[in-house]
Structures are given as structure tokens and as C-alpha cells.
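Got some structures for you, see below.
The following pair of complexes shares a single chain, chain A, combined with chain B in the former and chain C in the latter.
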Partner chain A sequence: MRTGTARLDNGRISSVQLLFIFLIFEASTAILYTPARVAALAGPDSWLAVSLGDGVYGLVVLLVAVTLGKRFPDQVFTGYLPEILGRIGGKLLAAAYALAFIHMGSVFVGEASVFINTHLLFLTPPTVLDTVLAMMAIYGAYLGIEAIARENEIVLPVWLLLIVFLLLLAAKDVDISHLKPVLENGLLPVLRAALFHSSWRGEVFFLLMLYPYLSQKQEALKAGLFYLGLVIVLAVVVHTVIVGVFGDLVTAHLLFPLETLAQYISLGRFVERLEIVVIVFLTAATIVKLAVIYHSAGIAAASTLGLKNYRSALIPIVLITVALSRVLYGTNLKLLSQLFYVWPIEALIVELAIPALILLIAVIRKKGGGPLADQENS
Partner chain B sequence: MAVLHWLLNLFGRNKKNGPLKKTYQVEPEKEDRTLSKRLDDNKQVLAEIFDHCGDLVEREIRIGKQGPRALLVYFDALIHYQELEEGVTKPLQASQLPQSGVTLDWLMQEAIPNTRILIYDRWVDVAGEITKGLTALLIDGQDQALLLFAMENIHRPVMMPQTESVARGSLDAFNENGRINIALLRKRLHTTRLAVEKVDVGEVSKTKISIVYLKGYVYDGLVEEIKTRLQRIRIDGVIDSGQIEELIQDAPYSPVSGIGVSERPDRVVSALLQGKAALLFDGTPFSLIVPTTLATDMQSPEDYYNRYWFASFIRMVRWGSLLISILAPAFYVAITTFHQDLIPTPFLITILASRDGVPFPGMVEALIMVLAFEILQEAGIRLPKPFGQTIGVVGAILIGQIAVTAGLVTPAVVVAIALTAIASYTLSSLNLSTGVRILRLLFIVAAGFLGLFGVMAVFTMATFQLCALRSFGVPYLAPFAPLSLGDLKDTFIRAPIWAMRMRPRLQGYVEPVKQDDNKPRPPRPR
Partner chain C sequence: MRIKRTLRMIALTLISVLLLNCAGCWDRREIDKLNVVMMLGVDRVVRDGKTRVLLSVLSLKLNSVVGSSGLGQGAGLVPSMGFVDTAEGETIDDACRNIALRSPRSLYLGHVQAIVIGEEMARDGIQQVIDFGDRSKDIRYRTEVVTCQGSALEALEAQPEFEMLSSTELVELIKQDPAHISKTVPADLLHVVSGLMTPGREVAMPRLHLFSPPERGSSVRKGPPSSSITLDQQGQQGQPGARGQNFNQTLGVSESEHPERKVFSVDGTAVFLGDRLVGWLNGEESEGAMFITRQARGGEVPFAFRSSQKNASYAFQRVSAGVKPVITRDGITLEVNIRGSGGLSENRDAAIDTMKASDIKAAEQYIDAEAEHYCQEAVARCQSLQSDIFGFGDLIHKSNPAYWKQIKDQWRDRFPTVKVRVTARFTIEQTGVTGQAVKSK
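Then we have the complex of A and B:
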């Protein structure tokens, strides 16, 4: 087993842990904002938009990531870029990816802190929230991918149970008429919504950065497929319930539809104020997601700069993300414009276009081991 | 200037006096002499080696009637005189010398046949054994010494456990005598699989540590790892297992060590049966169990002796208590300071009314009460036994009652702290409860500044830390993280004994199957 420089982190994660990491990506920040925008674009057909179109997109991204991973089973994406593109081009692109991860981190920090600032701690300076979130996440990243994966195994089941509980309680208020008519305006709005939402589904591209840490590499594809299946079910149920309860017009104007749903629930005048529980657990979920992103950012930065230890790159990264999120995404408005108008396109490039192009170049230039490489290595 | 010197000295950079000696240099026992054939020479060396040892007894006797002179050397306090007299002195004096003169073989087989005997010819060994309580027999004309066992075995009787009490289950506990500790295990495990390996730690104290495990059950490399970690220790003395625990734990900075502490032989036996190893000590009743996970820290031996429905229920109560004892004060602080809307309105009014006139914010209030409780607890332990309980209880009532009536704190915080205190006593693991006590303060502060968000952030950080923690290679949070579904049968619930057919996956994989299908089946009705 090669250790050290190629992988930078000696941790190992199982395919189940990989699946859980993907799920927390979806379940933390993705279902926070998106139902509103999807409902605005696709109307009553939200559930259709988040099931078909982005499922296909996710599959393509997954296949690209797995194929690339198989060619370089012992290295992270940013590590083998110079091998494919040549030293200068590869390093530049790797640096760009490191920056992209940092940028993603700052978006999610901003997202969580704005959310908490609007609902939980109104008077706390957002910088404090940013810093605390980022510090906790960076601590996880510092401990390594293994610790993050294990933490996730505690956070995700609780969080998913909470969501299911929430949806069950809200299910009695679902009005089927809110979901009709189906495909009133044809397929185009649904596709647009799907395109928008697929950027979240494409987060499966983090596999590129996690592939070398997998203990059973041949199961990466299986984990990814499981993820897509589960996440489509999750997204469809969440969107159906939210649109079913509020109707698409109201949903489109909600800031945080899931949180509003939690507020809406009242069981016997006893189980109430669930949104606080949601917010609190969302904090944990976001920290885990951030930790994964920071870990990838640290690894990317370290492999770009040729550092022996990615941990030394984490401090600058956390400073940059906190500052960035304050400057760029300090308010809900800035955040929404980023998430709704910029991120989908950015995601299309970062998640699919570039990796696909890299894969193409790798195939043409015959770089990396063949498809059998991983069986020999694992 | 003096301060500066002191500071420089502190960092070991005082050039004038040379750098501070940072490496521990074991004073080698420079003794490399061997015994001489002449008893008088040996006597001289003895006087040199045991200079100032006032309790050393040198007793000269004669072997047989006209045999050579011999010298018995021992420490007064360590010797069982009757045994020495009956087993050594009298037989020696009464023995008939053979034709060939006194030989060691003759001595061992005929003259003093009843005792275990060691033979050494280097002074360092002889002196070492004498300090352990053996009696040295030096004979004129022999350049080897016989070391005889006639020890006074000083120990408490086997008593009830002090820290891990159960309602049902065995009532004996380890004590300060390493032999008795091993005997308690041997009495429970009549098998040659039970391996006992001894390691001496401490250059001065030479504390005997026994590594105990079941051959064939323990996973690869565990015993070797324990041994290397123990042998790496270079220290002057070891007084309690706590020191060893700190020296061999995986993560030096972790508040939880990941090493189990127990004074109950039944707990150690069940750990051994799961494929773990234990360290028994001379000088302390507290043995160490490795590897230990959070799940095992939360178990009580009694869980396995009670009915499984009840045991499962109690397990869940205990896990709930763990959360309460960590989070209850923090929740109180967070809710009264930030999230008043979480409380039903009538109750909120009551709380606010009682808070009227209390000068402190919720966080300070809670910190005061927690610290007062810690002081009480500490006082309860330190006070002479007869006072302990009384003072504890009375102090609690006084502080609770008077602090409320004086308007220093609200009744609600007293309730929260009392609940915390009681909940923390359900934790059977000393290590865990001390960790919880520290963590509690952190949570209160986090709640005071950032409300439930802060609580969750610290909770995430703490779990991150625990996730990264390993105990001799086994993740501390297994079987939750990494998840192994099969092992959840012995965590929040305690499955029926007959349903737990497999050992825990991560430490018992060498012999995975624990038992046959033992599910009881009633006879067919006739």
C-alpha cells in the first residue's frame, strides 16, 4: 500500500461510509433552499423534476468519476491532473479546483450561517456563526477522512430519522390537488428545474477526491448507484410533501421550505416548534458536509503545492472561506442569487464538463492504469 | 533576572548552566560483580550494596553439624518467619552432610526440598530478588546464591468492589496483590488458554504488570502492541494503573482514554471472553481493559445477569442519562437565554418570575451550581469516611435551598443540576464520568454564548474527537461509527444471551462464534 504523498491522508473509508457521505451532502444543505426554486420553475411537477432529469445527470457524473478513479486508484483528482495535462496545465487546473472547493465551502458556510441567523440567533453577529461553523468543520478535516466518515455515521441516521419523522407528521396535510395538473406547461419547465437541481445531484463528483481512500474500490459504483436511488426517493418525497402541503405558489416564495414545514407541524399541541430541532441538527449535518469539502480543499491545495501534509493548508483555507462567505454571501439575497443563478452553471462546469474532458484526454493520451488497475491495487 | 533565568530554565535554554536534561537517564545498576567463593568477601559486598538498609537481616548459620558457614540475607518486613524457620533454617541445620560435600544440587533436592528456589551468581540479580522479598542463601565455598521463597504475603482480604457495585452478580473485587488478582481470574477461567505475561515497569519501583488474555481469542498483534507500549515506558516509578493508562493510551490529548478500568474480576473475564486483553497490577485493584469502546464503557456487568428486557431498558436509561448528564445544564442555559419560545408559555412565566431578581445570567448561574456540585462531590470523596455521606447530602440541601431562597439562583437551575448529578451516577465507568464532568462545563459555556447552535457545535466537535479516537486499533465509537449492525445487539439494548452468538466483530474476529444455538426450547407437549 502506498501511503503519504499520493493520498496525503492515510484514512480508509468503506463504501457504506461513502454512501453516507453522499447522502449527507444532499440531506444537509441541498434540501434547504432548493424546493422553493424548483417549485418556482416546475410548479406542481417538482417531484418529476427532481427525479428524472437530475437522476440521469447524477449518473453521468458518477460514471465519469468512477472511470477516472479506476484509472488512478491511488491518487486524488488534483494529484493526477499534472500527469494528464502536463505539469503546468495540470497544476493550474488543480489550483482552480482547490479554489473551487474553497469557494463551495464559503457558499455553504454562508448558507448555514444565514439560515441560523434568520431563525435561531437573530442578534449574534454572522461572523461568529461563520467562524464557529468553519472551525468545527476544520477540526473534522484536520482529524482526517476517517473521522469525518464516522462522525457522519452518527449524524446522518439521526438527521434522516428526523426528516422522515417530519415528513410523516406533515403527510396528513398533503393535498393531492396541489400536485395536479401534471405537466401542464409541457416538459420544458420540468427540464429547466431539473437542470437547476441537478447541480446538487452532481455533488457525487466528490468521489474524485475520495476515491483513493476507499477500502473497497470496486464498490464505488455500487455505492454511487445506491446513493442516486436513495437520494431520488428522498428528494421526491421531500418535494412532494412540501409542494403538497403548501402548494407550488406558496413554496416558491418560501425562504426555507423545509424549515417552514417543520414550523407548520403541530401534533396534539405538544409536539411543536420542531423547526428548532431541525435547525440544530442541520447545523451538525452542515458541519459534516463542510468538513468533507474542507478536507477535499486541503488535499487539493496540498497536492497542488506539493505539501507533505494537507493539514497545514487548512488554516488558510478556513480563513479564506470565512472571509469569502462574509464578503460574497453575507446576506440571503446574495446567497440566493449565487445558489439559483450561478451555482448551477458553475456546477455543470466543475462537476461534469471538466472531469469529462479530463477523462477524454486521459483516454486519448493513454494515461493511468487500465480499468483493471484497481483490482490489482485493492 | 532571576525570573528570566527561571523562564529560560523552563524552556531548557539556559546556556550558562547547560541545557536542561530532558532525556530520562536510567541510573544503571552498576553492579556487575559476581559472587565470590569466600563468604567474607560476599559479606563485604552485601554491606556495600545494602548500605543504609536498616531492615536488612543477615543471619549466619551452619549447614549440618560441621558443614560450611552459610548466610541468610533478607528484609525483615518481607519474610514469613515461621516458613523460613520450618522450611529453611531447621532442615539446613539438621541435615546430614553427604560425602561429596555441600553442592547446590544436594541443597535443592535434599536439604531444603520444599521451596521454590532460584539460583543466581550476579550480585545485581541477587540484590533484586532480595528487594522483592526473597531470602538469599550464601554458602561459603559456593559462588552462587540460592534465592528462597519464604514471603510474608501482605494483602487485604478479597473485598467488595468500591466503585462498581451491582445488585446481582459476584461481589469480589481485585485488590493490591497481583497474585490474588490473577487467582481471581484463574478461579473463573479453568483453561490453559488463559495466558499471563509479566512485564516490569518503572526503573525504581519495578511494578509488576500482568498482561492477561485468552490465547486464540485475542486478535493479532494486540498483545505485542501492549508489550511494546509498556516496554517503551521509561519512568522512575509506577504507583497506580492510572499512570500506565495515561502512558499507553492511543491519543495523548484525548479527555477519554479508550482504556477500560475495572476492579471487578467478572468484568475482566467477560472482556477476555470477547477477545480483549487486560492488565492486572501489583499495588492497585484497578485493572485496565483494552481495547475499550464507548459501548463497553456504558455497560455494567449486571446487564448480563438481569433479564434481558429489563437490562435493555436500563441500558437505554443509562444512555439517556449520559446525554442528560452532559447536556441538561447546557439546555437549561440555552433555553432560558436564547430560546424562550421553546418553553410552553405558562411554564415560561413561572421560570421568568423565579428569575426575577436573580443577578446572574443563566450561564453564570449554571456554572456556579455545577461548580458547587463538583465541590460537594470532591468533598464527599476527600472527607473522612464517617462524614462523607452526611456532609454531601446536607451540603447539597443547604446549597440548593439557601442559594434559592437567598435569590442567588433559580429553582429551575437547581432542578437541572440535581438531575445532572443523579444522571451522572448511572455511568458505571469512572473514566467516562470524569470525561463527562469536564465536557459539561464546555457545553454550558457554549450554550451561554451561542445557544443550542453552540451546544450542537460543541457536540459535533466532541463526537469528531471521539470518532478519531482509537483504542489499540479499535475505533472508540464502534459499533456505531464505523457501523457494524450485528454488534448493535449489545449497545443500546442487550439482546438475549442466546441471541448473542457472535463476538464483537472488531475485536473478536479470531474466533467469531461465541456459542452454539442455545435458545431454550421447551419439550413438546405430550
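Then we have the complex of A and C:
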């Protein structure tokens, strides 16, 4: 039972479900907000920017997360921090992570409600949108990671199919010449764009919080690698089609290029007005993403405070995220400055720097054991 | 037990509160409270020395139908002829709101099919209009943008000849143009936005030409002699039953009682420099521009076969073009290669002996020369206007970015000096259902 309390949630997810959860992270908000900024930074080389840098950065984050997970296979990240850093330091950092998750949650809430508010329900108070989304997500978080993963098994395949369908319909308007000239200003702008975009790829660091729920822990790395491969293909195709249809300058000045792309689709002047499909499924996907982050935030808070049950932490977390998102990210201007200028740096610290440092300390102090993990797996 | 009851109470309260939500949402917009706009017209007017925007909207008028005829679709509402509303404002959206001063229904722009820009406005700059369309969440990038010779209001008031709504007619005219005539350069909002933003490319869009129909039996002439904004009465008079009677009446009308109502044609191209209208291309020049920009798919090339006047005609069906910038020390040359196939569609006085391969070959050369002439005319006209609607600069940017960096700031000055070498190769593959032409004795 000790492991039960350490994990706080007795759910189990398979490696495919883990892969799906990571994919929905990309397919919910990243796909919506990144193309404009990437096109602004990298111009016609967007497709290059989202493939190379992402792969490298994502792989490093993944390796760090998997190695840490292997050392503490039955605990979440915030749970074993005190073991590595000592009680006070560990608790403090765990609390910081709980706050970071809450902050990320508030950004996600803002991302969803700003989008819906801009494109569909512009008279509805954003607070209502926030609340409704958060309520659905909190229900998922309340039911546990297993329920979220299963819901995602319905949402993600349909959404991915629809994206493919949309991109195919848009493909006839692609003008390949929009992707030229290649590397006009050298590699530097592409690298900047890659650095920006890879912060989304680094969301694979949620593995730190999900690792203990994996039923086949030895497949974590495989699932992660599959994720990186698939997500890079997805990002490259999406960015290529968007820039191919609009050109990089027009893409860069749009708020939601994917939504505008769906608006632009017209097949025989009959298959038209598909943008609502995007809104519906992006909302569904964002709810899953929110549920995962609420779950992680709840677990992080509970393990920091030593609660027996993470569920009691959910309500305050949701209230805080909704309030925060209203105050800090209530308008697209505020939200975009967070996503474009703050988030990449925040991500670099939260996703890579701190976990890598923790891993280093764990290795030096010989905390957590590889052999133990191997025993568990066999 | 008590907890269970409390929980049940909470659940009941929640359910009843949530039920209230089912009644609708914040953003509900009932269809009978909407003014569904099909076409927007934007003009610039001067009032008391200040320039203001005159917005005219062509909206769908939904008539509720009593009886069985309209049942099924649209909840008993059937569209009738559109009607035109106008409002003035400091900005376009201001004018949009000002329409609410006289219309109880709020404007719904989700169905806007075309934006018509008045000539005055276009000469002053279209950035304002394009920004409005670009920013609006309802107006989509597929919306056609046209410039009207004259005022946009007149264009909206113009009478459609075949369709119920002039917006439908306009969009159909533009859509079928590349396939059948290729005498205007179509531009949807996306292309205008991208033309405004892309360095080395200028905006071109169809020209809307307004005129009173010369045909005496034209249904447009049946309209009331005085100008009227509502097209609705017109629609009722245009019913099939009344047609014959009106036709006879119209025949009796003398030319002095010319109707005010006009019809429009899409003919030629408006050429912009930056966001300002600087000139027009006529039909032939537009055809040349369509060849160069690879938009032409079908059309006609009348040509003179060993004669001083055009005595034969060629209908092309498939055209492709390749443009290659060649940069030498002397300057920039653009090599335009046009390939196409089609059929002989007219052969006056049997000038061409279709059985003779040499004649066909000669005819093809005449066609090539004629097509090249169209292209050269288009280029010469655009060069005189300094406006690179072909996107030659963009092409240089894409094929030779290093060189483009040197010249991009002076591209507008360089463009008129650019040499364009056009080579057309058209083949005659069909001669219709006859071979030899009819020879009169």
C-alpha cells in the first residue's frame, strides 16, 4: 500500500495511452498557437524549424524524464524530490512544481477560452467559458488518470483523422513556391523558431508525473520516441500546409492560422465552413490536456502537502487557474506575450533544466536505484 | 442517510440550473433577427470637407412563408431578392454599426461573398477595407474582392440578370472567368492580403463595369423609371407571369425613358500599386496577365491569318506557363514560356486550309504571335503603372534571394526597366466538328 499512497492514484495506463496523451498535448493548443509565431520567425522554413530543433530538444527531455522515472518507478516527480534534495529543499521544489503546473493550467484555460472567444462565442463572458472547460476537466482529473487516458482514446483518433482530412482538403490550395526560398537568412532565424517551438515538444516532461501509472514501464522510452516521431511528422505537415496555402507573411499575421485554414477550405464550393469542426475538437482536446495538467497539479500539491487524497486539492487548483487565467491571460494580447516570450524560457527551466539538475544530483547522491526498477519490471 | 439526501438535493439543484442553460447560449443569434449580408460595398464620400466611409450592404431578405410552399427548409423562411442598405461612418465598422440605426436586425457577415470597392476608395487606398475583412472573424478569405468603376453603391444596386442576387451573379462571373474567357484576374481576399504584404508583388483584382443594358428587351428595363433602392419590387415584377406583358410595354418605351438601373459586367482588371488603384487593364491585357500568372484555363484568341483583319479564331483549353528570371549584367530579363492547346473555332472565308499541315503550322504561329502580343501589352501597361502584378519580384526573391536583397528596395523603380521575353507555343488540336471550312460558291 505504500506505493499506492506514493502514487496517490491507483490507475494504470498503457504505453499507447501515454503516447496518445502526449499527442493530444500537441494537437490541442500547440497546433493552434505556434504556426503564426514560427512563420514570423522562420518564414518559409517553418517546416524545417519544427522538425530539427524539436527532435533534439524533445529527445533530451525525454531521456532525462525516463532516466529519472526508472530510478523512482513508483513515485511521481514531486514525491521523490525530498528524497533527492533533502526534506526542506525537496518540499520547496515540489511546491514550486505544483505552482508551475497550476500556472500552466491557467495558460491552457486561457488558450482555450481566448480561441473560442475570438472565433465563436464572442459575446459569452470568457469567465463562463473558462469555468465550463475547467469543470469538465476537473471531472476527468477527479476520476483519475485512467479515465482521462480512456477518454483520450476516443478524442485523439477522431481529432487526428479530422486534421488529416482537413489538411487533405486544404492541400489543393498549397502553392509550393510559398516554401521558397530555403534558408534565405541562414540558419539563425530557423534556430530561433526551433527554440521557440521546442518548448511545446518539451511537454513530454509530463512523463515525470505519469511514469508511476505506466503499466509497462520498460516501454516508456519507446512510447516517447514514437511520440517524437509522430508529432514531428504532424507538426511538419501542419506547418507546411498552412504556410503553403497562406505564405509565411500572411500566416505570421494571423492569430489562429489553423482555424483560418479550415475557413478557407472550399471543395467544389460545397464542402465549406469546416471551421466549427476545428473548434469542437480543439475544445475536446484541450479538455483532455487540462484534465491531465489538473491531475498532475493535484498530485503534485497532494504529495507536497502530504495529503492522502489528491482529489481534495483539485477544487482550489481549478479556482486558482480560472482566476489566474482571467487576470493574466484574459485577452489574446496578454496570452500571446506569455506564449511567445515567457513560455519558451519558462519551459526550458521547468521541462529541462531542473529535471536534468535533479537527475544529476540523484546520480551523484546515488538516490533511487536502477536495480530496483529492473526488479520491478521483470 | 442525511448526507445522501443532501447530495441528492445538490444534484437536483445542479440539474435544474443546468437545464436553464439548455434554453440557449449567450451568443444566440436567431435567424429572423439577422440581416444576412451577401455583398459589401465600400465607398469614400466627402461630407462637410471630411472623408467618410459609405457602406452599402446587399442583404438577403427572408420572407416568412405561409402555407406549404416554403415548408421544410429554413423554418418557413425563403430568400427573396436582396435589398440594399447604406450607412455612413468614420470607419467601416462604424458604418456597419450605423446600419443598426435604421435596421432592427444586426448585420451578419458570415455569408459575405464579395466585397466591392468603389473607385474613389480604391484610388485613396484599400488597406482599410482589406484590414476590415481580414480582421473580421466572419468574413472569410474566400470572399471575392472587386473594384468597381464608379461607386460601389451603384454596383450593389445593379440588377442581376440571371441570378436572384447580384452577389451570386458576381461571384459566378468571377469564378467561371478563368475557365471560359480569362479576361479578368480573379482575386479572393487571401490573394489581396498576400499581394499587399508580399514584397515584389502587387494587387490585381477584377474590374466591375456598370452600364445600362443596350438590349431593348432586357428585363432590367422593366424597372420603375425612377431610381429605387429596394430591388424587391423589381423581383416581383420579374415574375414569369408578368414577363410577356412587361416585355411588350418595354418595347413601347422610348429611349428617353432610359431606366436608371444598371447591370454589371466583370471585364478587365484593376491594377494597384501598394494599396492604391493606379490603373486598369482591358480584356486583352488581362488575358495576357492571366497567361503569365498561370491563371488562364480557357479563352479565345482571335487572329489574322494572312490578312489585314482578324479572320480566324482560336479557343485555347489548357495553358501552362513557366517564368524564369535571368539576371545578367545588363539587367533583369524574365523569360515567359507559355504552352497551350486548343481548337480552331472560326475560320472566316475558309482562309485556313485545315488539310494542309503548313497552313495549320502557320496558323499556330499567328496564334502564338497574338498571345505574345497580349502578354507584352499587359507587361507594358503594368510597367507604365510601375505595378508588378505578375509577382516577378517575388519570383526573383524565390529563385535568387541574394540578388533580391540588393534590389528589393528599388524594385518598384526597377520593374519598369525589366525586359520580358514571351514565347508562346499553342497547338491546334481540334477543328470543331468540321475539317474544311464552309466555302461559299
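Brief remarks on what is shown
We adopt the following convention: the second predicted complex is superposed on the first by the 369 of 378 C-alpha atoms of A that agree within 3 Å, B and C clash if a C-alpha of one lies under 4 Å from a C-alpha of the other, contacts with A are read in each partner's own complex, and residues count from 1 in each chain.
As a convention for this text, a contact is a pair of C-beta atoms (placed from the backbone, for glycine too) under 8 Å apart; a residue touches a chain by one contact, two chains touch by 3 or more.
In this text the structure is predicted, and so the values were computed from the model without any measurement.
Residue contacts after overlaying the shared chain place A:124 against chain B and chain C alike. After superposition on the shared chain, chain A has more residues touched by B, the comparison being chain B against chain C. After overlaying the two complexes on the shared chain, residue contacts for A:16 are found with chain B alone; chain C is out of touch. In the overlay built on the shared chain, the residue A:151 is in contact with chain B alone; chain C does not reach it.
By the document's definition of touching, neither partner reaches A:70: not chain B, not chain C. Once the two complexes are laid over each other on the shared chain, residue contacts for A:177 go to chain C alone; chain B is not touched.
With both structures placed on the common chain, the touch criterion links A:280 to chain B but leaves chain C unconnected.
Once both structures are placed on chain A, chain A residues 120-121, 124, 128 are touched by chain B and, in the other complex, by chain C. Listing the residues of chain B that touch chain A in their complex gives 338-339, 341-342, 450-457, 459-461, 463-465, 467-468, 475, 477, 480-483.
Considering their complex, residues 25-27, 137, 140-142, 175, 190, 193-194, 197-198, 397-399, 401 of chain C touch chain A.
On the chain A side of its complex with chain B, the touching residues are 14, 16-17, 116, 120-121, 124, 128-129, 132-133, 136, 139-140, 143-144, 146-155, 273, 276, 279-281, 283-284, 287-288, 291. Of all residues in chain A, those touching chain C in their complex are 118-125, 128, 177, 180-181, 184, 246-247, 249-250, 253, 260, 263-264, 266, 269, 272.
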